[in-house]
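Could you have a look at this structure, given as structure tokens, before my questions?
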Amino acid sequence: MKKVYVNEDWCLGCHLCEFTCAAANSGAPDMIKAFAGGKKPVARIQIEEGDKINFAVQCRHCEAHPCVKGCIAGALSVQNGVIVCDEEKCVGCYTCVLSCPYGAIVIDETGHKIRKCDLCTRNSHGEPACVKACPNNAIVFEER
Amino acid sequence: MAINYMNPLFEVVRNYDRCIKCRVCERQCANEVHHYDPDLDKMVADETSCVDCQRCVTLCPTRALKIRKNENEFRENGNWSQQVMDEVYKQAGSGGVLLSAMGNPREYPVYWDKILLNASQVTNPPIDPLREPMETKTFLGKKDQEIHYDENGKAEFKHNPYLELDVPIMFSAMSFGSISKNAHESLARAAQELGTYYNTGEGGLHKDFYKYGPNTICQVASGRFGVFKEYLDTGAAIEIKMGQGAKPGIGGHLPGMKINEEISRTRMIPKGTDAISPAPHHDIYSIEDLRQLVLSLKEATNWEKPVIVKIAAVHNVAAIASGIARSGADIIAIDGYRGGTGAAPTRIRDNVGIPIELALASVDQRLRDEGIRNNISIVVGGSIRSSADVVKAVALGADAVYIATAALLSMGCHLCRSCNTGKCNWGIATQRADLVKRLNPDIAYKRLVNLVHAWDHEIKEMMGGMGINSLESLRGNRLMLRGIGLNQKELDILGIMHAGE
Amino acid sequence: MLKKEGETRIPAGCAISGFINRSGRRTNGSVIVNSIACMHDRSNGLGGGYAGYGIYPEYKDQYAFHVFYDSNEARIKTEAFIDRHFDVINLSRIPTRKHPNITDEPLIWRYFVNPLPTKLEESQLDERTYVARCVIKINDKIDGAYVFSSGKNMGVFKAVGYPEDVGEFYRLDEYDGWAWTVHGRYPTNTPGWWGGAHPFSLLDYTIVHNGEISSYDANRRFIEMFGYKCNLLTDTEVITYIIDYLHRRLGMPLEDVAKVIAAPFWSEIDSGRFSPEETAKIRHFRNVYSSLLITGPFSIILGFNNGLMALNDRLKLRSMVAAEKGDTVYISSEECSIRTMSPDVDRIWSPRGGEPIIVTLDK
């Protein structure tokens, strides 16, 4: 199954993936509207920055999926290999945030819910928006 | 407090309705123009160090940025333009030679744009490139060897070393040092895939690129940076750099700040010191000395590789070319005054040298007048901007062209002409690791391949339109060209008629 | 003001035809004159010409110069030059017949000559080079004189007019030759001068040509490096010089000459169609003799002292048909003209583009 992989040699730490992800999942038709009026939509991908190296962190859709196993509300599930969160069911206990070994699950304070990458399967993009936005091939969507 | 006479050249215009404060512009500007002000909660710009490299404009996800010429205007003056005045202010402040990068940007005539091409009609059919073979393969090297037939009618002939190109376009010399390792890797991989060659420039060859040897031309310049036996043996050809179109009469210049560990090792010079190549080769003070070097290099590589001599286009280029053709060199490369550079004194870049169109026409004609045109192949550069320029160059007499600025543009360059600062935001003309990372060879080499393929396709379309199906029938075929808006002298030098004749 | 031939390049379309008797049996010129009449519409009356081989058996060891003169002064100057360099065995006007459609004729003379032995030795050249250089010198330097034929036991006859009329004008029914070629011209400008008609000849090489080559200037600017001067600016002239250079000066056999001027495409060369040795040779030709590749529609018949060669360009953009009957081989732009010469033939075919038909006299 195709997943998003990181080529950390090429990540510039520009954060374009973060902003594109946030806008893609905000429900707004374009990026300007997504951030207009001081709104702050949450990105499901985060850049870790260092002195000589940067890379993007998002859900790996791993086979162990401790987040799904630990979800007390049954909001997290695996669908066609993609780990998705039913946000209606999420109660904001943040167990998944603790159990994810990659720190890939993001807390959304405003909605008291978690947000995580679902490979853009549930928004209008179809294909991961972060990959398209990356200017330097630092994240790719492929089979390995 | 000293008065700052230097006007910012540009203004940063931000559309705040579109800006989402993602701070990409801030993160991606090596000149530190943009930053986020948390008190005002908006992005602000300090335009004094902006060079109009267009990095922020291109990366801004909402297209909120524009860079414009600074609207602050001095009083109009037909003789003392604002630019000329700024240059005086700069020199009064620094006491130094003005340095610039890339090719001559001044308003001189561009002869390529005053030459028109023919098409065949009625008396001679055009050839359909989609249905008939269209051949752009060419060979560079000496073609004056004799042929004998023995009593059985079998042909006997000598093989001269040559370069075989699938397209008549090669990548011109850009040194490792003036451009980054990633840029070199992109050029090498593209040359390999295209079946053509790239040039090391005067910075030597990085060990990681020896594997691209069969597509590499190894340059020997006046500083002899990085020149040793293995280097010469690795390439497909050797180029002796006698001059460069951007700065005829002077040598290369790499500022010390751009010389890190890798450059130092590849060039075989100490870290941190300016690498200034001398003006002449100190063992070539006359044409016979050049012949000696050509033959020494051939001897050192067992006579297996063609030797190229690269010269800048200057006033007596035809006579120089004639001498080079008799020196044993296989190929001559002529670089016009519009050629690019990583760093050159501004006055030399803008005032020295002649246009490549005129140089090519007169060299080709002179060699034919002397009956020695097939002793040597001609490659031209400085500046070839499109496939139409390539077709016109071949029709004037060139065997192939060198492109460099066009190659850099493919890799992201926006001709901001600040290469000499070492802060190239596109990762091309810099050695800073964080900036070099921005040029991903996987992406850049594909763009180079795309460019050359596109040009090759266009060349075939134009050739087909002229009724030509092999590049060799276009070479020197001046009747396929007509001038427009040229005076008789210019037409005579180019050896073409005026449109309508 | 319309420019004369040689001052400007005149594209043209045409008709050609020719035949050769391999046994050396001589055929009357009227046969070739009839063959071009049926292709009347391919010409427009602005040029026609013939080449005949074996027509001067009594003078077969002399070079036969055919010369046009615009004026008597030009004739006097030229004859003085010829006397200084050659031994003249015979000279006369070329006999012609008045024809209503052939007008404005220049003076047309004929000389049977041999190089003066002392002059030849002084020049340190071989005989053919000596003769070629003298002819080129006359054409280049003496105003108003033009040597349009200079081979042994052969001759070119040409004029401005329809070729069948030209044939009558020159009384070709009074000549017999073992090979004949003919050309009818359709230029798109009015040439002022008879010398521009085809065939073009140098020594015993004659070329009749149908087509317009796109590579003309590339070819001309290369071949002029070797002492040739393309004064007429015609395709036929440059093709003749190229063949003279490759065949006579480099000693290349005609099969290889065809491989230089109508070289196989790279797709063919790379496909392994030729043997490794042949492939290396063809690659060498395409590298070293690249400026002699002739592009553009052409259909040529080359005559030389021992035979004929017919060749089409690689894309076969002009017509050419060939036929055989007994010991005679016919070549023409159209089948109808072959049938006029020989209504039934043993076989008839259309040669492939780039593949030469070379027919030589049986020894």
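Things to note:
Going by the order they are written in, the chains are A, B and C; count residues from 1 in each one.
As a convention for this text, a contact is a pair of C-beta atoms (placed from the backbone, for glycine too) under 8 Å apart; a residue touches a chain by one contact, two chains touch by 3 or more.
Computed from a predicted structure; not experimentally measured.
Following the contact convention of this document, no chain is adjacent to both subunit A and subunit B. Among the chains present, the centre nearest to the common Cα mean is that of B. Measuring from the averaged C-alpha position of subunit A to that of subunit B gives a distance of 44 Å. Averaging C-alpha coordinates per chain places the centre of subunit B 47 Å away from that of subunit C.
Our note on geometry: subunit A versus subunit C, Cα centroid distance of 80 Å, whole angstroms.
The touching residues of subunit B, when paired with subunit C in their complex, are 120, 123-125, 127, 132-133, 135, 137-139, 141, 143, 145-149, 153, 155, 157, 159, 162, 368, 371-374, 397, 466-470, 472-480. Interface of subunit A with subunit B (complex): residues 9-10, 12-16, 18-20, 31-32, 34-35, 52, 133, 135-137.
Residues 9, 11-13, 188, 211-219, 221-222, 224-226, 250-253, 256, 263, 265-267, 281, 284, 286-291, 293-297, 314-315, 317 of subunit C are the ones touching subunit B in the complex. Taken together, the subunit B residues at the contact with subunit A in this complex read 17-18, 20-24, 27-28, 59, 61-62, 433-434, 437-438, 440, 442-443.
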